[in-house]
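A, B, C and D are the chain letters, set down in written order, and residue numbers restart from 1 in every chain.
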Amino acid sequence: MELEDFAKEVMPKGGWGYLAGGSGDEFTLRRNVASFNSKGILPRVLADVEFPDTSTSILGHDLKVPFIMAPIAAHGLAHETKEAGTAKGIAEFGGTIMSISAYSGAKFSEIEEGLQGNARWFQIYMSKDDEFNRNIIDEAKADGATAIILTADSTLSGNRERDINNKFVYPFGMPIVSRYLSGDGKNMSLNNIYAQSKQKISPRDVKFLSEYSGLPVFVKGIQTAEDATLAIGAGAAGIWVSNHGGRQLDGAPGSFETLAEISAAVAGRVPIVFDSGIRRGEHIFKALASGADIVALGRPVLFGLALGGWKGVKSVLEYFETDLKRVMQLAGTQTIADVKQAKLKDLTDWNR
Amino acid sequence: MELEDFAKEVMPKGGWGYLAGGSGDEFTLRRNVASFNSKGILPRVLADVEFPDTSTSILGHDLKVPFIMAPIAAHGLAHETKEAGTAKGIAEFGGTIMSISAYSGAKFSEIEEGLQGNARWFQIYMSKDDEFNRNIIDEAKADGATAIILTADSTLSGNRERDINNKFVYPFGMPIVSRYLSGDGKNMSLNNIYAQSKQKISPRDVKFLSEYSGLPVFVKGIQTAEDATLAIGAGAAGIWVSNHGGRQLDGAPGSFETLAEISAAVAGRVPIVFDSGIRRGEHIFKALASGADIVALGRPVLFGLALGGWKGVKSVLEYFETDLKRVMQLAGTQTIADVKQAKLKDLTDWNR
Amino acid sequence: MELEDFAKEVMPKGGWGYLAGGSGDEFTLRRNVASFNSKGILPRVLADVEFPDTSTSILGHDLKVPFIMAPIAAHGLAHETKEAGTAKGIAEFGGTIMSISAYSGAKFSEIEEGLQGNARWFQIYMSKDDEFNRNIIDEAKADGATAIILTADSTLSGNRERDINNKFVYPFGMPIVSRYLSGDGKNMSLNNIYAQSKQKISPRDVKFLSEYSGLPVFVKGIQTAEDATLAIGAGAAGIWVSNHGGRQLDGAPGSFETLAEISAAVAGRVPIVFDSGIRRGEHIFKALASGADIVALGRPVLFGLALGGWKGVKSVLEYFETDLKRVMQLAGTQTIADVKQAKLKDLTDWNR
Amino acid sequence: MELEDFAKEVMPKGGWGYLAGGSGDEFTLRRNVASFNSKGILPRVLADVEFPDTSTSILGHDLKVPFIMAPIAAHGLAHETKEAGTAKGIAEFGGTIMSISAYSGAKFSEIEEGLQGNARWFQIYMSKDDEFNRNIIDEAKADGATAIILTADSTLSGNRERDINNKFVYPFGMPIVSRYLSGDGKNMSLNNIYAQSKQKISPRDVKFLSEYSGLPVFVKGIQTAEDATLAIGAGAAGIWVSNHGGRQLDGAPGSFETLAEISAAVAGRVPIVFDSGIRRGEHIFKALASGADIVALGRPVLFGLALGGWKGVKSVLEYFETDLKRVMQLAGTQTIADVKQAKLKDLTDWNR
C-alpha cells in the first residue's frame, strides 16, 4: 500500500495522475479496494498446513502463482524502460503471464527483449476497421500470444478529471495501434485515442476474434452474470471480471462485489480472471474464494516499475507471492484448490 | 463538483450561503448527493452501442437531453444578469426547458430577452389570495408557459442557519410575486417572504391551478407514494419528486431514496421529474433507471452562472450532456429507453 | 447545536465536562443524537396545514408544547442563578413543566422564586433509608410536585473519564438530599454521592413511592420492553424512556433506537416521556412519531442557562417551539396527534 | 483507552510497534475493538442489584473476576522486570490466572518470583520436534501449570509492517523455546522465530499435548464453529476464541464477531475463553453475554506494565474489576450467571 505514495514522488504529476487515478468522484476506484473488507477470511486452525503450494494452471499454462500481470497502457509513464522493464521483471520472477496492451508504448520486439520467451496474452483495443484488427492479431500471434483479451469495458474514456486538470497527453506513441490512429498516439489525449478505437463492441467481435485468431478469447470488463453468459454464448474461452480499475464508469460497484454472482453464473464452464483492487495477499485469497481462478495485478506492479525498474517489478511480484503464502498458511489452506473452497464471512461496515 | 468551490470564491457570502446551503444539520442536503451511491450502475459490455442518443420527450416537448432547468429563486445572487443570463445559456444550449420561479428576481419580459422563445414552465408560489394567483397565472400564460409547477414542499422556510448567521436578506425585489408581498421582496428575509405566501396547500389547489390555467400541473415536492397518488387523483399531470434540494425539511431521506417507490406507485400514469442532488451524469442515469422521465438541474447551473454568466450556464449543460453520453456508452445503453430499463445494484456503505 | 460550543467557552472546564460529557468512550452519548438519523421524516405535501398546533396534555396538565424540562442535577454549574434561573426561564415561557432533580443545588423555596407556581415534577434519587425518602417526598409534595420521577437508570455513577481527568467535585451542596449524605454534597464527587444513594432499586420502590406519595410515578431510564411491562405491573403511571443522556452505561444503544419497541409494549396503557439526544425540532417529531407522548429537554436548556441566564433558557425553549412548528408545517402535520401518526422511513448510514 | 497513548511515550519505538501493532492494513486490529459496538447492552432497571458479584470459576479454579492474563510474548519490551513484573501485579491483585507464553523473555523461575504460587496456564508454541515439546511440557508442569494452551493461530508471523519498518528484532532471548531455536531468540526477528516453530498444527497435536501432559488443553485461535467442533473432537478441554489480537491474519472478522456462533456450536460442552479487543468493562460484559465463560486481557496489561511496572499491572486489573462491577450494576446484573443471560441488541453503524 505504501508503494503508491513512494511512486507518487518519483513520477511526473501527469503520468501519476493517469496511472493512479480513477473516473468521476473516484467512488468506484476506492470501492475496488474497500469492498474486499465486505467479506472476512475465516482462519482455519488445526489444518495440518505447511509450505503452502501456490501453483495452479489456466488454459494450459502452468503457473507458480495464481496471479498474472494485468494489461496496462503506457508503462513508459512509470519508467524509461517502458513495457520491456515490466517484462523483464516478470521474466525474472518466472512462472506467470504478461498481458500486453494494444496501447503499449513499446513494440512487441522491444517487449520481447525483457520477456525472453515467457508466456504472454495480448489485450486488444479494436479498430473500427476489421482489416486493422486482423493485422494487429497477426502481429500478436507472431509475437507468441496464447490468448486474446478483448477490452469490452472501455469503448470510450472515463471522466478522468485528474487528466483534464493535468492536461495530460501521452508523451510517446503507441506503435501497436498507430496503424489506425491519426498520428501515432504521441501528444494525444486518452479521449482522442479511445474515440478512434471501436465503440460498437458486440458478441460478433468475440466471435470474430475467436475465429480469426484461433486463440482463446477473454472478454474483459464483465461485471454482470448476464454479460458472462452472453460472452460464453458468443464463444469466449474465459471471463475477465474487471471494472478497468475504476477508470471507466464511476458510480459502479467495486469489482469484487460483482465476482461471486458472476462465478455462480459461469459455473465452471470457462476460467475466470479477476482484476481491480488487488493490493494484498488477502485480496487474492478472497477473490479466489469468491470464484476467480487467477487474478491480475495492475497498479502495484507499475508502481514497482516506477520505483525500481525491472527489479521493482520482480520485488512486487515476490511480495505478493510471499504474502499469499503467509495468508494461505494462516488461513489453513494448503493448495489453491483449498483456497477456492474457503468460506468467507459477510461483514458490515463496523470499523468504529 | 469543483464548480461549487470556485463559485464560493466569486459570490458574496450571504448569497452563496443561501444558494449552496441547506436546512438544520444539512443531513438531507448531504444525503441528496450521497444516496446516489446506495445503488451502483452495472456496466453492460458487448452491448453494440455507439453515439448514444440522449433525446426524449415530455408532455409534448421534444428534448435533446433528459434534463431541464429546475426552478430556483433569485438568480441575481449568482450573477448580475439574473434569470436572463440563465435563460440565455439555456437558449444557446437549446432543446431543453427553463423553469421560471415565481420568486424570480427578473420580470418575464427580462427573462424572455435571454430565453428567446425557448420552452418554459412556470413554478408558482401561491398567494393566500386566489385573485393574485389568477393574475400570476395569466401573466405566466401570456409569457408562454406550457406547464405550471405547484411548489408544495415549501410552505414555509426551512431552518436555514447559514442565512440566519449571515443575516441574509434578498438584495433585490421579486417582481412576479410583489403584487402579494408587503414590499417587493427587496431587503426581505426568506422567512418573511414565505410567510406571506400560502401555507395551506391542498389537493384543491391542484384542481384550481389545473382548471384555471388549462395547463398541465406538476406537483413539486413529492416524497411519498401516498402523495403521488393523491396528486394524480387531484388532477396533476405530472409528479415532481424533490425535497427542494435539502433546503426545507432536514432529517428527511435523500430525494433519490424515495424515487423508486414513488415511481412504482405512479406506474406510468403521468411523467415524473426528479430533482435534488444531481451533480454527475451517473446521477442522471441512476435517476432515470429508478423511474424518473427527466431530471431537473439546480445548483450546478447557478454555479455556472456565477462563474461565467450565460456561457457558464451553457457550459454546465454541455458538461452534463457529455457526461451522460459517456455514462450511457460505458453502461451499454443506446437510448433513454435503454437507460430506463437498466438494472442497478443495491450497495451498502463500504468505502473503507 | 452551536450552543454547546458557545457554552463551552463561558463555563469552567470541570462543570462543562460534567454537563456535556458522557461515560466510557462516549459511544452512547454520540449515538443518542446520531441515531435520530436512522429514521427519516417523510414530508407530506398537499396536507392542508397552516399554523400547526403544538398543544398537548399529559396526566392532566395542558401543555402548549410537547416538551418539558428534563431533570438535571446542579444547574449552578452553568449559571449562578442555579435552578431558580432555569425555573424563571420556564415560567416566562409558560405552558410546560419543570422537572426538579433531587440533586438540585437549590432549595425548593429558591426554585419557586423562579418557577412562580408553574407546574413541576420531582425526580427522586432514593436514599437507602425509606424514612429519608418519605421526608423528601413530603417536601416535594409540599412544594407542589404533581408527579414523582423515579431515577432507575443511575444507581451508580457511570465511568465519567472527563470528570476523573478534571478531578471534578460539586462546588456547592445539594440541599434536598443532604439529609442522607455524609456532608451536604459540596466538594463531593459524583461517585461518592451516587454511592450514598440507593443502588437496590426494584419494583417494590415503584409501589412504595406510588402508595406513599399518592402521586403518579414515572420510572425513568427504561430501555427495554420488558422493563416497561415490569414497571407498569408495579404501578408506574408513566414510562420515561431515557439512557440518562449517555452518562451512565456506555456501549448501550442510542435511546431513540429503543423507543419504538417500548412504545409497542406499552400499547397506550400509560404515557411515555422520552429523553436523551434531542437537539432539533426534527428530533422531537421523530420521537413523537415513534411513540413518545412528550419529550424532555436537558443539555440544550442548560447551555442556554449558561449563556444567558433565564433569558437563555426561555430562548432555547422558544427555539424548540419555533423549530417544531416549522417541522410540523413542512411535514404536513397540523396537530400533535398527526405527528404521532406520521410514518418514518428506515435509513441506513449512507452519507458518503 | 488512554493507556496506549501514554505507553507509546515510554516505550522504544520498535517494542511499542511490536506490541501495539497488527498485521497488514490493521483492519482486523481495529475491528477487534470496533466490533464490540455492533451489539448494544440493554440496561435493565428495577433489577434489585447491589454489590454485583464478579466471581466465577473455570476448570476448577475459583476466580474473583471473569478475566485472566492472556499469553503474550516478550514482556521485557514493556518493562525491565519482564514477565516477573506482570506476574507480581497479578499475584498482588489475586484471584486470577496468568498465562505464560512459551515465547516469554523470562525463565519459569524468574516468573515465579513474581507469581508466588498463584495459578498459571502455559501457552505452547510447538517445536517441529516432539522431543523438545515433551521437554517444554515437563518444565511447564514442574512449574505448576494447570492447563496447556495450544497456539493454533500463529503458525507463521503475520505481515507486521510496523516491525519491518522498525527493523524490529527481539532485544533478549527466549529461554523456554531456546532449546529448539538456532540461537536463543536474541536479535532474532519474529519471522525467524515463528519459522523455527511448528507450522503443521493438526488435531493430532491436541491429542498429543492432552495425553502427554495429562492437563486440560485449550486450542487458542478458534474463529469458526467448525474448528471448535474439530478441537473438541480431538480432545480439547476448552476453546479459546481469539485472532491473536489482529496480529496474524488481516482481513479477518473482529474476534467478537465470531464468538456467538462458536458458542452455539460448543453448546456448553467445554468452557470458552475469549480474547482480542477487550478494552472496557462493557467489552467483558458483551463477550460473556455472547457465550464466553471468561476473557483474557492482553495489551492493556502490558501498557500498565510499561507505565508502572507491577503496580501498573495491578492497577489495570483493578480498573477492569471496577469497571465491570459498574457495568453489571448499571445493566441490572447481580452475578456472572446473570451477565451470561443478558440480551444484547444488534446495532448498525449509525454514529453520524
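The rule we apply is simple: a contact is a pair of C-beta atoms (placed from the backbone, for glycine too) under 8 Å apart; a residue touches a chain by one contact, two chains touch by 3 or more.
What you are looking at is a predicted structure, and each value in this text was computed from that prediction instead of being measured.
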| item | value |
| --- | --- |
| Set of chains whose contacts include both chain B and chain A | none |
| Interface composition of copies chain C and chain D: same or different, split at half | different |
| Size of the rotation, in steps of 5 degrees, that lays the CA trace of chain A over chain D | 90 |
| Mean-CA-position distance for chain C and chain B (Å) | 42 |
| Separation of chain B from chain D, taking each centre as the mean of its C-alpha atoms, in whole Å | 59 |
| Contacts with two or more other chains, residues of chain B listed in rising order | 37, 348-349, 351 |
| Those chain pairs that satisfy the touch definition | A-B, A-D, B-C, C-D |
| For the chain D and chain C complex, residues of the former touching the latter | 1-2, 36-37, 40-51, 280-283, 285-286, 323, 326-327, 329-331, 345, 347-352 |
| Touch list for chain D against partner chain A, complex | 24-25, 27-28, 30-31, 34-35, 37-38, 152-159, 161, 199-203, 205-206, 219, 221-224, 226-227, 230-231, 234, 243, 248-254, 257-258, 348-349, 351 |
